[in-house]
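Here's a structure for you.
We just call them A, B and C in the order they show up, numbering each chain from 1.
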Amino acid sequence: MRVKRKKGVAVPYLAWMIIFTALPLVLVIFFAFTNKDGGFTLDNLTGLGNYVSVFFLSLILAAIATVLCLVIAYPISFMLSRLRAGRQGILLMLVMLPMWMNFLLRTYAWMSLLEYNGLINRFLGIFGIGPFEMINTAGAVVLGMVYNYLPYMILPLYTAMVKISPSVIEAAEDLGAGFWSKLFRVILPLSKPGIQTGITMVFVPAISTFIISKMLSGGNIWLIGDLIESQFLGNAYNYNLGSAMSLVLMVVVLLIMSLTGGFDQEDIEGVI
Amino acid sequence: MVGKILKRVYVVLLFSFLYMPIAVLIAFSFNESKSRSNFTGFTLDWYAKLFRNEAVLSALLLSLVLALVAAAIATVLGTMAAVGISRMKRGPRTLIMNLSYIPIVNPEIITGVSLMLLFVVIKNLLGFLGPVADNIIGLPSLLIAHVTFNLPYVLFMVAPKLRAMDKNLYDAALDLGCNERQAFFKVVLPEIMPAVFSAFLICLTYSIDDFTISYFTAGNLQTLPIAIYSMTRKKVSPEINALSAIMFVAILAIILIANYREAAGERKKQKAAARARA
Amino acid sequence: MRSIRVEKYSLATANCKRTTHYHQNRVINKGVVLMDQSVIISLKDIVVDFDDEAVLNGLSLDIHDEEFVTLLGPSGCGKTTTLRVIGGFLAPKGGQVFFDGKDITALPPYKRPVNTVFQKYALFPHLNVYENVAFGLRLKKVEEKLIREQVLEMLELVGLKGFERRGTEQLSGGQQQRVAIARALVNRPKVLLLDEPLGALDLKLRKEMQIELKRIQQSLEITFVYVTHDQEEALTMSDTVVVMNKGVIQQIGSPQDIYNEPMNAFVADFIGESNIFEGMMPKDFLVEFAGQPFTCVDSGFAPNELVQVVVRPEDVQVVPSVAGQLTGVVKTTVFKGVHWEMIVEQGGNEWIIQSTVASQPGELIGMNVEPDMIHIMHRSDEELAYAEFRPEDPEEEEAEDAG
């Protein structure tokens, strides 16, 4: 009804997103259901049966990393949300600062720390413990995931917790809630949106990574990401099979997101 | 009392977990020997070597140029889109918003391989053009990929600012004699400029930082993260540590400056508000 | 009591440039189309709908030169929509807008010789006071020296001399308001449109600005079209009040006409407080309501015509029960400052009465109404509508809650 409000300025964006976001996904689906000659086939998908163990391992490691992130991030997020406004900003910045370092470098840092002759083993050696085989284990991969994606858990948790008014917690105390009932009956339910977003934001990159596993397991541990990468750029080189793997990964991610309720739009904007 | 100590211990452990790897990384950039666990003596050699490393320097240049161009394109298109959807009805607006969520929620590797598929298909379709087709995968594909993953962030940062803007400002500009174009450039754009500028900065950092999507769309080109990746796979060299230290200090400086400016802006605003009350 | 009310509106009365008289029995749904030389804006059969819901339904209205016209009505009545149609921010689905006899329906806002003061002012936050006011002149490429002259002159007119370099966020609500007025007026519009400009100000400031706006309008001798839901504001400032409801003009008239001679139950209820009764006119100068015959001053109704009767709360005289035309029992008594407000139950009717003498709840009192205090209206279907659209003014609501 307004006079001459042109909407056409959104067209280039829309066109761009359709061609370079929607269309490529359609291609993934198309390649997943065709063979090298372009004929329809289900072989790619049925062929994934050989890789069930890889999918399973990815799922487990990503799940462990997500849970660890939640456990580690929850207290610090709550502490942050209770600080004075000025300090909140500074401390939040301190928590987020490592994330600004390129994640290859962050992961590389752990490579040297976890080595058999690395600093951690040398430090433990002072007390006569170890040395341990840390690098090239599943534990190292999980550690890498936790380290890289921890901020993705802290930020949405903090965003949700900041909205919990101190008077709500005081009211709970006033009504006789102790530490645990305060946590489980008040804070946890109120921070649920943050938990959901945090889980999604850690789990999705964790289950799809290929760099962390490559760098910290020395090629010993293969995740879905490594499989896909090897189909497109590695030795396996089979776009159709890689597309089928990608398709399954997308389905897994969608399932997880429908379980956790996906992203809260506001939280996403907060993270940006 | 016990709770307080526990809290302290937890915070100290958490921050050492977050910063220890970076601290060690930077410390060993000054290590004389190549060892990653034995500090044998102080040197700046690795920095000197880094600045003579052609591969790293050209990757850095590529990353900077790519980030600037991609961020500029994404900022312009994304801002236009934000303006466009602010005038749309709920239905089409939701459609575009949902489309924009795809690259944000999708695993990066999927975005990477799906774009790679697209470029391979385009290259094959344009095969009759000969060498021109082969050039698609490289700078063009890299640029398109970067614009693609930047675009939604611009939309999501600028659109709320437009929503929060007093709708009457635009009308007021028309009322005072602006045509639509003038109203946009004289009134709407200055109003959303802070958001547009932060969107541009965010795009810059995402572009410079991106590895996964570039990895699948760069062809033979090396962006800085790709160069870092290949360095970590080769023989151990403290040049990486030196690079990490430089990048960390640069980022720290940028964040501190941004924060300082923001804080200064806040103070100015508060002063103004106080004066208005008085 | 009436003398107090009249005093309150004396400003408007004294300043009346043109008191338009309309015959009371005019058909309600059609705005008057007077082909007067002095008509500056003319709306003809304007139709506007949002999502197929009619907001303006064939609205016609003439606005005269140098007149202070107020569009008054509850929220959703279409008053702001009407203003936006005049300003050019909204293209009507049907109908035409004339300015000085020229059809301007298709003209965009920036080509119309009108300017607007927006709700919440819409000052440009990135520009200071001076640049805000200079904005329109800059676009017209006026010489810098002239811009300076005119901007300073305008800032002086609105009482903001010396504020040129201030940022708009450093101003109080009242000052921002003045900048918005100066920014519009500096363009020398023939007509100034004001969309609830005082809505965001507190009561005291609002009253000051009412007088201020009236002063500005008179000193510049231009037309003001003013939108508000505040009846008191409308009565205080206007030469002509246009009462609207549900996209239809209910009554056009001077503040006195609107208050004293409401055309229907909606207007009577919306403007001030009213006792509205169903009644019948057996013959001229006689009306029956509240179970009693009353002498009145109205004539010209059909014999035994069903009518509605309005009696203002301050027009009911409280007398001893034996001396009253009517008797009733006081239900509540509330002190209102100047007067007491009482709810009185009388034969199934509830009366609101304002009196300087309090009667106690439970007391039996007599009530008299002078013939010229009885106002008789033709029956309209609008009576059904007004209940849904209560005025938004909090003072009104408080009064209702108290009753």
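Here is the rule we go by: contacts are C-beta pairs under 8 Å (C-beta built on N, C-alpha and C of every residue); 3 or more make two chains touch, one makes a residue touch a chain.
Every value quoted in this text rests on a predicted model; they were computed, and no experiment measured them.
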Chain whose averaged C-alpha position falls nearest the assembly-wide average: B
Chain separated most widely from chain B, comparing mean CA positions: C
Distance from chain C to chain B - Cα centre to Cα centre, in angstrom: 55
Separation of chain A from chain B, taking each centre as the mean of its C-alpha atoms, in whole Å: 18
Distance from the mean Cα position of chain C to that of chain A, given in whole angstrom: 60
Chain C, residues touching no fewer than two other chains: 88-89, 108-109
Contacts with 2+ other chains: residues of chain A: 2, 4
Chain A to chain B touching residues, read off their complex: 2, 4-14, 16-18, 20-25, 27-28, 31, 72, 75-76, 79, 89, 93-95, 97-98, 100-106, 108-113, 115, 117-119, 122, 147, 150, 200, 204-205, 207-211, 215, 225, 228-229, 232-233, 239, 242-243, 246, 249-250, 253, 257, 262-263, 268-269, 272
Chain C contact footprint on chain B (complex, rising order): 166, 168-169, 171-179, 182, 186-187, 190-191, 193, 269, 272-273, 275-277
Partner chain A, residues of chain B touching it in the complex: 7, 10-11, 14-15, 17-22, 24-25, 28, 36-37, 77-78, 80-81, 83-85, 87-88, 96, 99-111, 113-118, 120-121, 144-145, 147-148, 151-153, 155-157, 160, 180, 202, 205, 209, 211-212, 215-216, 224-225, 228-229, 232, 240, 243-244, 247-248, 251-252, 255, 259
Contact set on chain C toward chain B in their complex: 87-89, 108-110, 114-116, 118-120, 122-126, 135-136, 139-140, 167, 169-172, 183-184, 187
